[in-house]
Amino acid sequence: MSEIVSVYRKEHFNSAHRLNNPKWTPERNKEVFGKCNLPNYHGHNYELIVKVTGEIDPATGYVMDMKVLSDIISEQVLERFDHRNLNEDVPEFKELNPTAENIAVVIFRLLRPAIDEHLALQIRLFETPRNYVDYPASS
Amino acid sequence: MSEIVSVYRKEHFNSAHRLNNPKWTPERNKEVFGKCNLPNYHGHNYELIVKVTGEIDPATGYVMDMKVLSDIISEQVLERFDHRNLNEDVPEFKELNPTAENIAVVIFRLLRPAIDEHLALQIRLFETPRNYVDYPASS
Amino acid sequence: MSEIVSVYRKEHFNSAHRLNNPKWTPERNKEVFGKCNLPNYHGHNYELIVKVTGEIDPATGYVMDMKVLSDIISEQVLERFDHRNLNEDVPEFKELNPTAENIAVVIFRLLRPAIDEHLALQIRLFETPRNYVDYPASS
Amino acid sequence: MSEIVSVYRKEHFNSAHRLNNPKWTPERNKEVFGKCNLPNYHGHNYELIVKVTGEIDPATGYVMDMKVLSDIISEQVLERFDHRNLNEDVPEFKELNPTAENIAVVIFRLLRPAIDEHLALQIRLFETPRNYVDYPASS
Amino acid sequence: MSEIVSVYRKEHFNSAHRLNNPKWTPERNKEVFGKCNLPNYHGHNYELIVKVTGEIDPATGYVMDMKVLSDIISEQVLERFDHRNLNEDVPEFKELNPTAENIAVVIFRLLRPAIDEHLALQIRLFETPRNYVDYPASS
Amino acid sequence: MSEIVSVYRKEHFNSAHRLNNPKWTPERNKEVFGKCNLPNYHGHNYELIVKVTGEIDPATGYVMDMKVLSDIISEQVLERFDHRNLNEDVPEFKELNPTAENIAVVIFRLLRPAIDEHLALQIRLFETPRNYVDYPASS
């Protein structure tokens, strides 16, 4: 068989963050971001689902070895984000507000070069069990 | 960044309903809908996932403020459906069988005018953990 | 081995109900039960976990065959409650308010005679993923 | 209404399997498949989600009766796979490595002829809660 | 009926924290607490389950109104902990390491005076889906 | 504080097994164990929750370091059971039927010597999301 399949790997990391736009006044930040703007940070158990789409390799029956994908996610994402403060410890968020949307875009950009260019990539990120995002958008 | 992202918000409501086509005989209704046609209603913990797709606003890092989306869902859907009898209390189902498919279409129509027209909208509705629907259909 | 083990079987049923004390005025019922008192019923996907505790039978390695337990639950509980209106269709709730607490006690009484008297029995009932009860109380 | 909706039905089966390419040496198989290549098999609680997309039938409010879909899945998939050894008991895997990807393709081919040709079909298969696949690939 | 039942209410809060014993050297703290000792905090979606055990009130069918319990948890716990930094913002953890064990004990002490003394109280706290604690210990 | 707390760690393993009593005829085995007796094995994603109860250590705030507990579970249980055939590869089940009850007792006996004798130990094992056991029995 040489069929096109999407494969998914779920990982997680625990991070602190706060939402803030440094170009705004504190009042404007508090008004827009509410509790998420509190100064001393809060945090989440982020659940990350990485989706890779491509042809099944007839020799293995795999689109991509999930162990290899898991290792790439660990190296590129978990080692930078897990048990860290996204605002303070992750350079990508020095100037960029660490909303779920922006975190998903940053994760995509960290993973994209590490995955075979023939494979399509999509990121789903759960900030809580009730709030999550997809990048690129799913149709 | 001005990337296209899908954001999801999960809410729930608890409602009673029964399935019935008033143009059919009771026998035909019982044959087609089985236990779901029993006259005194049954009910569900409906889980509702609202998906909104659009560009990230560079000022906030949001596609849409999830608190605003949650408030819109409460006003447009939960206040009409939660702890109600869909057949008896919700005008949209006076003539329309409250299957998961039809409930999802009705929810879409209630939410669509309340959400910015530049944002795409999709409804996922779980009737039980094992039966759920998407409207519009996902590709 | 003849060790004491607890075994658990999870089942579910979907029912309509409303909360009401017929000895009270409508105002008092509305004040105490809020939306749960609305007249046309609402409903739930009830998740039922039946726990049976006893010695492992050395011939089978079972405390109790889960298929047998599942069949007993179907006969004694699901056939009476599933896709029914608890207030209207289940005689035990003609005089008894169908709160999660009372439903758990009623299920215990329906199951107790059908299960070997040497086995201890406990009921856990989820009314929603965030509200559940145990009868008898766990220590 | 005659709207296009996707409906989903979740089922499960428990099977043993191992991963192996008979054209390779044992060393190569061990290197590629690791623990999944161990000779005496291991197993999974596979969760299967079948998605069917089509128009809502205005007479029923259904895209497809979930009870009918559930019965088709039982007949075509569960009776062949559940409590079986995929490598030993399922002819489709005599020559085909039973990876999640290949199992999803085989399930698609078993179900496709049993479902109305006007309805689109997609398979999601969870091998574990953290590894799952879609066939055809979702966009 | 006047039966003894346990009732459970699930709530959640999102907080930042780090583990540290100020009496130890930084090296000793790093050795014992590993990544949990990193200086800029990380965070969790804490899931809190509050269990209350007592007699069913025959007038209501409730051990305790879950709406009242939910409000007490909000006032006593969520308003102090949610979207906060436990080490910096919660006085109870100025001198006490905010492990899951200690957080559960603190939550118990905050809730105990607000709940009827005839009702027994127990706290379950999930730090992650794979790590959780009970206080008092369950038997 | 020196309070008694229960702490829980969740792990998982994937194994093949079949149920069979070698002292019985094949007919009797088939009658009692049904599909679970099929000769070529089936399998499960077993979810294992290990509960340890004891005093909080005031220096760490831990009953037991979850990383240490996780490592003990890996060494004593996962390395023997994961991706294995319980009947063929695990000596404890050469003579003992690998029911969930018996697997839980065997896991308890493997872990008990590796954990401080002042700490109480209990095993919960999920064979499927709907069937699970506790050893020792919970009260």
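In this document, chain identifiers A, B, C, D, E and F correspond to the written order of the chains, with residue numbering beginning at 1 in each.
As a convention for this text, a residue touches a chain if its C-beta (ideal position, glycine included) is under 8 Å from a C-beta of that chain, and two chains touch if they have at least 3 such contacts.
This is a predicted model, so every value here is computed, not measured.
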Interface copy of B-C among A-D, E-F or D-F, judged by whether over half of the contact pairs recur: D-F
Interface composition of copies subunit C and subunit F: same or different, split at half: different
Superposing rotation of subunit A relative to subunit D, computed on C-alpha atoms, to nearest 5°: 120
Far-end chain from subunit E, centres as C-alpha averages: D
Of all other chains, the one whose Cα centre sits farthest from subunit A: C
Centroid spacing, where centroids are CA-atom means, of subunit B and subunit F in whole angstrom: 41
Intercentroid distance (Cα basis), subunit E paired with subunit A, Å: 28
Overlap residues in subunit C, where contacts from two or more other chains coincide: 129, 138-139
Every chain pair meeting the contact rule: A-B, A-D, A-E, B-C, B-D, C-E, C-F, D-F, E-F
Subunit E partner contacts - residues on subunit C that touch it in the complex: 19, 21, 23, 32-34, 96-102, 104-105, 129-139
Residues of subunit B defined as touching subunit C within the complex: 12, 14-17, 35-36, 38, 40-45, 82-85, 88-89, 128-129
Parts of subunit C lying in touch with subunit F, wherever the complex brings them together: 1, 3-11, 53, 56, 59-63, 65-67, 138-139
